[in-house]
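Take a look at the structures below.
What follows is chain A paired twice: with chain B in the first complex and chain C in the second.
Right, the complex of A and B next:
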C-alpha cells in the first residue's frame, strides 16, 4: 500500500455505446485525488466517461484470485470479505 | 512465484505465454523486468526537466503550450512505469525521492542541457524516435501483460512528440540560414548521443535476460539500426549533415565515424578521432553527465517546498 495510500483501477470509454476499458491504475491517498490523478494521467482520449475503483473492491469469479494481484494488497480471494 | 523454472518460463514465453501475475514469474524474470521498467520510468521522468529547460525558450504562447503538453505526457509515462514497479514491490517514494541522482538509469543523452527551441525539437525528432523504437518493440513483443497494456497510451503520445519534432526540424530547414544552422549545431552533438542510446553492441553482451524472457524482441544493434534508418534518410532529405550515410540501394545506414568515441561535455563536442573502449563509454555513462543532479533536484525541490509550507 505504501505512503501513497492505495491503488485505484481506472476504467474509461470514449462514447455512450462503448464498453468500459481498463486503462490503467493510479496510487492515491484518497478517492478524490485518485479521480484527479486518473483524469490527468490517462488523458490520451476525449473520454465520454471515466471511473475509478479501489483495487481491493474486485472479487474473483472464475480464477483463484482477482486480477491486479501483483505485489499489492488487492486481488482478494473469493470469499474473503473486503471491508 | 515458483511455478516454473527459468528454462520452462523462457520456453513458454517464446511460444507466446503472457505473464500476468507474480506466480507466473521466476526470480530472474522479475529482476530483469524491474531493471527494464526502471530504465523506462527514469527515461520518461528525466525527459520532463530536460524538455522544460528548453521549453522556456519557446517562441510563442502556443508553442509553449505544446511543449508543456509533451512534458505532461512524459510525467504520465513515468507514472505508468513506476506504478507497475510498485506492483512488483518497489517503493515509489524511494524511486523518486531517495535515490542518488547518479543511480538513475536513463541514457546519458538526458544528462545534457537542452538550451533552446531548436534543441527541444531536435530532441523530439531524435530522442522521442529512440523512445518509439525501443518501446514500440517492447509493446509488440513483451511477455508481461500489464506492460503491454500500459504502453497503448505511451505509444500513441510518443508519436505526437515525434511528429512535433519532425515538423519543426523541417520548418527550420526550410527557413535556412541561422535557423537551419541552429538545428545543425544541435544534431552535431545530439546524433551520436542517439547512436549510443541503444547501449553496447551485441558482440559485447554475453547473454541477455530481457531477450531470453521476451521482455523485448530486438537486440541493441537491431534497435540502433531501426533508429538510424528512420533518422538518417529524413535528415539527409532536409539537408542536414550527419556523420552517417544512407544507401538507398542496400537500404542500409553506415556511420562515417568509428564507434565508440569520446565526448567532451563542457565543449559539447564529440572527439571523433579519439577512439576509446566500450568500457570507457560505460564509465562515462556511470559517472553521469553535467545536468544529472540539477534535473533530479528540480523534480524534488517543489514537492519538499510544499511540504515545508504545509508544516509551517
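Right, the complex of A and C next:
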C-alpha cells in the first residue's frame, strides 16, 4: 500500500442559514474515507452539514497559486480556530 | 405496525423478556469488546486520519455498550455488575474479539464484517415493539453509518492494492463463519420468538440475508459471497458445530486475560465510584 491518496478540503456549516466555512483538510485514499475522516476529525461543532472536495478540484482565479496551500497537506485551514 | 408496543420489559409476554435481555447483553458485550479492538489501532493505523477514525469508533462503541448495559436494568440485571464483575466465560461477545488482532486486514474483518453484522441486528430492532430501545437504536445507527463507510472504504482500498486482496481473503475468510452464525440458525428459538412478537423485524435468515446484501459486493471479491438475481448469498454454509446459542458465539472460552482486565477496568478498580 503506498501513500494516503490525496488531500480533500473540508467545508461545514452549523445552521442551514449559515454559509459554508472552510474548516480544514484531510488526506484519504478515496472519497468514502475522506467523508469519514472529515466528519470524525473536525467534530468540534454539531454541524448541520459538511462536505468535502479534492484539493485539486479548486482552480486559482486571480492568484498564480492554487488555493489552500497555506494549510499544508492535512493541515488546518488558514484562519480556522485552533484546537 | 398495528400491534401496540411494550413500554418496559415487565410488559413483555412470557418468555420474551429473557430472550430479548439475552440479545441485548450479546450486543452490549460485542460493542464493549469491539471498542477495545478499535482503540488498539489509535496509534498503529495507516494514517493519522485513520487513527482518529479508530479513536472515534472506539468511543462510539463504548458509548453504545454503556447505553445497552444501562438498558438491561429493565430486565432485572445490575449494570455495574455486568460491566465490572463477570468472568470471561460469562461474556456473550464473539470469539473474533477474544484477543487483539495482529494486522490491518484482521482489523477490517472486524470493522467491515463484524461491526456491520452487529448493525444489521440493530436495524432489526429499529421498529421494535419494545419501545425503550427505539431512540437509542436510531442514534446508534446514525453513528454506525460512518463505521460502515470506514470499513467499506478501506476494504475497497486494499482490494485495489498489491497483495491486499490475498491478505483480505485470509482475514475475511477467518471471520466469515462467526458472522454467518451470529444471526443464529434458521430455527433459532431466541430470534424466532422475538420475530413472532414483533420485537425484531426479521428472523435469523432474513437478518443474515440483509447482512450479505451489505457486505456481499466487496466480500464477493474475496470469493466469500456471490450474487444471483440481485440476491446475495454466502459461498460457504455456516458451520454450527461449535455454536453456543446461549452466548451467541461459535467457540468456547471468552475474552483473554488482558482483554478482560481492560473491559472490566480491573487496573483502576479501586477508583471506581458509584
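Just so we're on the same page, the second predicted complex is superposed on the first by the 66 of 83 C-alpha atoms of A that agree within 3 Å, B and C clash if a C-alpha of one lies under 4 Å from a C-alpha of the other, contacts with A are read in each partner's own complex, and residues count from 1 in each chain.
The rule is short, and it goes like this: contacts are C-beta pairs under 8 Å (C-beta built on N, C-alpha and C of every residue); 3 or more make two chains touch, one makes a residue touch a chain.
A quick note: this is a predicted structure, and the numbers were derived from the prediction, not measured.
Of the two partner chains, chain C is the only one touched by A:32; chain B is not. Shared-chain residue A:43: touches chain B and chain C both.
Within the superposed three-chain model, A:23 lies in touch with chain B and out of touch with chain C [touch as defined at top]. When both complexes are overlaid on chain A, the residue A:62 reaches neither chain B nor chain C. For the contact definition in use here, the residues of chain A common to its chain B contact set and its chain C contact set are 2, 4, 26-27, 40-41, 43. Contact residues on chain C toward chain A in their complex (touch as defined above): 46-50, 52-53, 55-57, 146, 149-150, 152-154, 156-158, 161-162, 164. Residues 20-22, 72, 76, 79-80, 83, 86-89, 91-93, 146, 149-150, 152-153, 156-157 of chain B are the ones that touch chain A when the two sit in their complex. Interface of chain A with chain B (complex): residues 2-4, 7, 22-27, 40-44, 65, 67-72. Listed in rising order, the residues of chain A touching chain C in the complex are 1-2, 4, 26-30, 32-33, 35-37, 39-41, 43, 74.
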